[in-house]
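Note that the chains are named A, B, C, D, E and F in the order they appear, and that numbering of residues resets to 1 at the start of each chain.
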Amino acid sequence: MRPSRRAPDELRAVSLERGVVKYAEGSCMVKFGDTHVLVTATLEERLPPWLKGQGRGWVTAEYGMLPRATLERTRREAASGKQGGRTVEIQRLIGRSLRAAVDLEALGERQITIDCDVIQADGGTRTASITGAWVALADCISWMKNRNMFKNGGGNVLRDNIAAISCGIYQDTPVLDLDYAEDSEADTDANFVMTGDGRIIEVQGTAEKTPFTQDEFLKLMALAQKGVGRLVELQKMAIA
Amino acid sequence: MRPSRRAPDELRAVSLERGVVKYAEGSCMVKFGDTHVLVTATLEERLPPWLKGQGRGWVTAEYGMLPRATLERTRREAASGKQGGRTVEIQRLIGRSLRAAVDLEALGERQITIDCDVIQADGGTRTASITGAWVALADCISWMKNRNMFKNGGGNVLRDNIAAISCGIYQDTPVLDLDYAEDSEADTDANFVMTGDGRIIEVQGTAEKTPFTQDEFLKLMALAQKGVGRLVELQKMAIA
Amino acid sequence: MRPSRRAPDELRAVSLERGVVKYAEGSCMVKFGDTHVLVTATLEERLPPWLKGQGRGWVTAEYGMLPRATLERTRREAASGKQGGRTVEIQRLIGRSLRAAVDLEALGERQITIDCDVIQADGGTRTASITGAWVALADCISWMKNRNMFKNGGGNVLRDNIAAISCGIYQDTPVLDLDYAEDSEADTDANFVMTGDGRIIEVQGTAEKTPFTQDEFLKLMALAQKGVGRLVELQKMAIA
Amino acid sequence: MRPSRRAPDELRAVSLERGVVKYAEGSCMVKFGDTHVLVTATLEERLPPWLKGQGRGWVTAEYGMLPRATLERTRREAASGKQGGRTVEIQRLIGRSLRAAVDLEALGERQITIDCDVIQADGGTRTASITGAWVALADCISWMKNRNMFKNGGGNVLRDNIAAISCGIYQDTPVLDLDYAEDSEADTDANFVMTGDGRIIEVQGTAEKTPFTQDEFLKLMALAQKGVGRLVELQKMAIA
Amino acid sequence: MRPSRRAPDELRAVSLERGVVKYAEGSCMVKFGDTHVLVTATLEERLPPWLKGQGRGWVTAEYGMLPRATLERTRREAASGKQGGRTVEIQRLIGRSLRAAVDLEALGERQITIDCDVIQADGGTRTASITGAWVALADCISWMKNRNMFKNGGGNVLRDNIAAISCGIYQDTPVLDLDYAEDSEADTDANFVMTGDGRIIEVQGTAEKTPFTQDEFLKLMALAQKGVGRLVELQKMAIA
Amino acid sequence: MRPSRRAPDELRAVSLERGVVKYAEGSCMVKFGDTHVLVTATLEERLPPWLKGQGRGWVTAEYGMLPRATLERTRREAASGKQGGRTVEIQRLIGRSLRAAVDLEALGERQITIDCDVIQADGGTRTASITGAWVALADCISWMKNRNMFKNGGGNVLRDNIAAISCGIYQDTPVLDLDYAEDSEADTDANFVMTGDGRIIEVQGTAEKTPFTQDEFLKLMALAQKGVGRLVELQKMAIA
């Protein structure tokens, strides 16, 4: 029995609310149960120096947690003077994942910056961030289409839906979408970033206590494919 | 005529929503029109080293803006590796203001940290922060009372209501609660932190273009007393 | 009775010595009693990037304290790797105050940097800094006039005298120009930056212990007007 | 045909040289072809503050590259004042992987720090680091056993061999142990950390260009199991 | 002919003014011509952690330049967030030199911190700093003697006078005490820290353009011995 | 008797191995006994901003130690966020020393960066670094000559051999090339950077315990000339 009484293959209640801040070209408040992340997409007509003049754009991401998003207050990274290792790792994952969804040549020499700020954390902040970031990104690209910023209409800029979900082995049972209570006890923890048709963008699996087998990993992957399928449906409804 | 068509002595629509995050001992989403700040109050049973063993507690504050709270994206302070001068100045003001509302001896050897994170900025983020922070602080102290953490019940810990508002001279007219459109054009800009009965905790006035007279300043102060009076009413309704 | 035996409306002995370092375009050693600040004004024919090409110049300030300017040694900010919150707050105030005295268009696309380094601190370092900085700034602008650096002679660059003084309520009496002994005990502490004719550039008042009333504040402002009037006389004598 | 003319399931020439520096409790120069990493293991009788008094030890890792380990010189992280995102991500992976091999309770309240410094980089520095780090770690634990530092002899401290290898899809063919020439062209890149019997400690797979399927991923995993099997043989020979 | 018309073995006008700030246990404004350095000595009853409990004290030094001590404004190190290489090198030299003059066991478990802040720089700031620092240090130790802080009176704490001077080869002539005009043109530049009787504490010689011979170096050393002899006389007069 | 049983004027076993990493334009693994330093020379067709357009190039150096190069692990400077004072001092010395060997005008508008990374430290890391760096630099310049990068063949770019050695007074005897056991006990410690014919580039001598006399210093210098003479022979053999 999961602490939340969910079935092993059951997602938490997921919501994707668009347009939650007024300035950003795209934004989304994504909730996976009690995990709430505010995502914005910012378009800028400039590129990092190492990318200039190559005829293609860039998508990058930054991640942060409000100090009291967590059970105990976490030190504010702006005050401690640097981003921690976990933050760096997560924002690199988000950026990589979203770039896989975008045709950077079609985007043109511009940068889209995704900001994921965790308002409340109950496990799965990186997967919620990626799932919500896709919605903010899609809105940003729509915003650009509406302003005729693409030569050929921009239909090809966003190649596919991208969503992410965690899975793990909790009390010997493979389960989908771990919350904090499960995550802190799980034996194995894996995050999957996938397209709507179940192909893999990124997979990260970690044995928290004992090594896992290939067979266990396949069970987690099957759960993830189911979960991502559902998340992509929700993304499509959100932007419809 | 103000850009927002408000009367000179009219506040923006103000809301103070409590309990907006689940972990914090107190929290408040404060909105002054399109300025939205999420405030949390965190209780910790420890003190900064220089305060230990003196028989009194401490209230401190940190302030931040989400990168896309603003019209153009602002660089994330955690990424740039330090808090900017404006941030430092504002969080010191918030902390000083709230300490004026608290009997630190009655609080006991504990620290309450107020985090003010600006979700959307349309002028007046520091005054909204202080006004909302008082609500989060009041809830934190209630939380402590409910757990019998004060010797004598804690009735005397929070001495008074504290709220803050900005005033300025916009097109030769003293106006209350400047939004960004006014703030960027105003001749004089003043922030008042006051108690419910109109006494002053902190006042900061700046001539943006031409020096102002004592008489002009008194007109701003009168507006502020009216505005703070209304904000304190709203605080009282919020925690009722 | 004030610890220094001064009358409530009496300044400390003030001196403004010009030309104290040989390289700077303007310099002033300002003393308010035992508070000694070395101020220099540096002219540079370049601007911060965000100001370029707008046809106007900039005045900015930096503030620092020698480690042993204080009763106990303060850690050197260069060694700790960042400027503290108090430093940032003060240097922003000095910069804002002086910009109010200068016609930035008439200055042209140049930057004047004011450095205020506290040699000895006995209260009121920010007000002494501003008062002395005006003298260094005036000398810097004279230096420029002597080299015909202004189209129309530069008579209009420096608009007005600017000086600053602190006031406070010490043992229930409003007093002018607090030294450290008073400052650490005062109930209310306010800093005023004013022009020679008593108009206000910046005012900052803080209730250290109990909130103050509008009436008390007006008494402090009246003292400040008197004090600034005297400081402006001294400035005029210094540059004569 | 691979640029190095290796078979798809062929490792580069691997060597694991022990005892390469004289002070460290364990050390290993690991070479995967032209990728050379110097690994040291340092035993210290102290723990990070958050781990003290819990009756167990810690294994952590730091990673760095000499500036000219790469084709073009990379800026020295000590000079730029912070470790980059890639460095942070890799050193966290190394630490997690090695902790999976160690019984931290049996280790006792001590810390072993693994330093992986890349002397020359030709792809696969993180997998070479982990593989060599296991050897340095094993020598460090032997060093401790020889000094009777474990209550029960220490036979159970090191639970299993751990090695790591990368795989990728290069020109539509799944290949083992990518060198830089392959890595920069590969479609999919995955790193596997495994035990000697093929169970998984950590897996990270990234679609560099197009998403990959579950079937492709399984082919990479099979290659990895073969490669890690061979690396574990080499580890056993090295410490024999 | 030297730019200053001095004889080759002639010092600039040197002055050593004691007691220039009111809080420090020792202080000295040292002037070597237009090079002016304010030195303070601070006594603290605490030691850096690595020195505690060893029965001896420590003398350390910090060095800084006011931004406009130089012909062109130098960036403030507190603002740039770190001390530059030259600063670090100089303050280490000052600290080493002064420790050579002090019996650290006799000092007891205390730290004296020497702060050297350059008010105006015209060459030779490090040698002026050391020469003035000895005076501030001597005053600090006298201050301690007057308060009976040493077991046996403290007569043995300060072992010897220490002073420093630069020499160089300017237009093929060895000259003493280079000012900036000479320093920037000199072929060889050497700094000598010596005791009153001509023994050497520290010597640093650098060939700025062409390597120098042993014979040339001996000529510089002879000049230095003469110069330090005179500086030590001045120190003795200053503290008499 | 020296701990290593060497004669007073005997160097440790010295080796200079070229071409130790495959990417650098020049490289050298230099060993002075158990002190091992990996040096690389990197050519870049760009200059620091302050040197651009002056018709000459630059040689600079960076220095680092692997964390476990030392008896006890030293904190990684990249992790602590800044280079320590000793590191800064040494890398400035290496850069200055090598610039003395190079005709910067003949080099042209390019920069050569020398990286000295200490693999194992047993005293004398700075002198070994300089001696090895000359070899890496010579190879880098040969690499450029082979590619016809100099107008006139480049025969004049490298002016002379440069090598460095330490000397000290150990148990009242002047000795050459101190190892760590001697260095930590020596009374006087001096580092000499010299050309092959015994002229001096840089000399730094420090009295660790008691001041030394001119006569003692001359004995150290004579030892150094002998030692550098031998090192230069070895350099010539290495690049032959």
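The rule we apply is simple: contacts are C-beta pairs under 8 Å (C-beta built on N, C-alpha and C of every residue); 3 or more make two chains touch, one makes a residue touch a chain.
Molecules present, by chain and UniProt name: A, B, C, D, E, F = Ribonuclease PH.
Computed from a predicted structure; not experimentally measured.
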Quick check on the contact network: minimum steps from chain A (Ribonuclease PH) to chain E (Ribonuclease PH)?
3
Rounded to the nearest Å, the gap between Cα centres of chain B (Ribonuclease PH) and chain D (Ribonuclease PH) is 50
At what distance in angstrom does the C-alpha mean of chain D (Ribonuclease PH) lie from that of chain A (Ribonuclease PH)?
28
When the centre of a chain is set as the mean of its C-alpha atoms, what distance in Å lies between chain A (Ribonuclease PH) and chain B (Ribonuclease PH)?
33
Multi-partner residues of chain A (Ribonuclease PH) (at least 2 other chains)
81-82
Record each chain of the ring in the order reached, setting off from chain A (Ribonuclease PH) and passing chain D (Ribonuclease PH) first.
A, D, F, E, C, B
Over in the complex, which chain B (Ribonuclease PH) residues touch chain C (Ribonuclease PH)? Could you list them?
82, 85-86, 88-89, 91-92, 96, 100, 160, 190, 194-195, 198-207, 211-214, 217-218, 221, 225
Which residues of chain D (Ribonuclease PH) touch chain F (Ribonuclease PH) in their complex?
21-24, 27, 34, 38, 40, 42, 44, 62, 64, 66-71, 73, 76-79, 81-83, 87, 113, 115, 117, 119-120
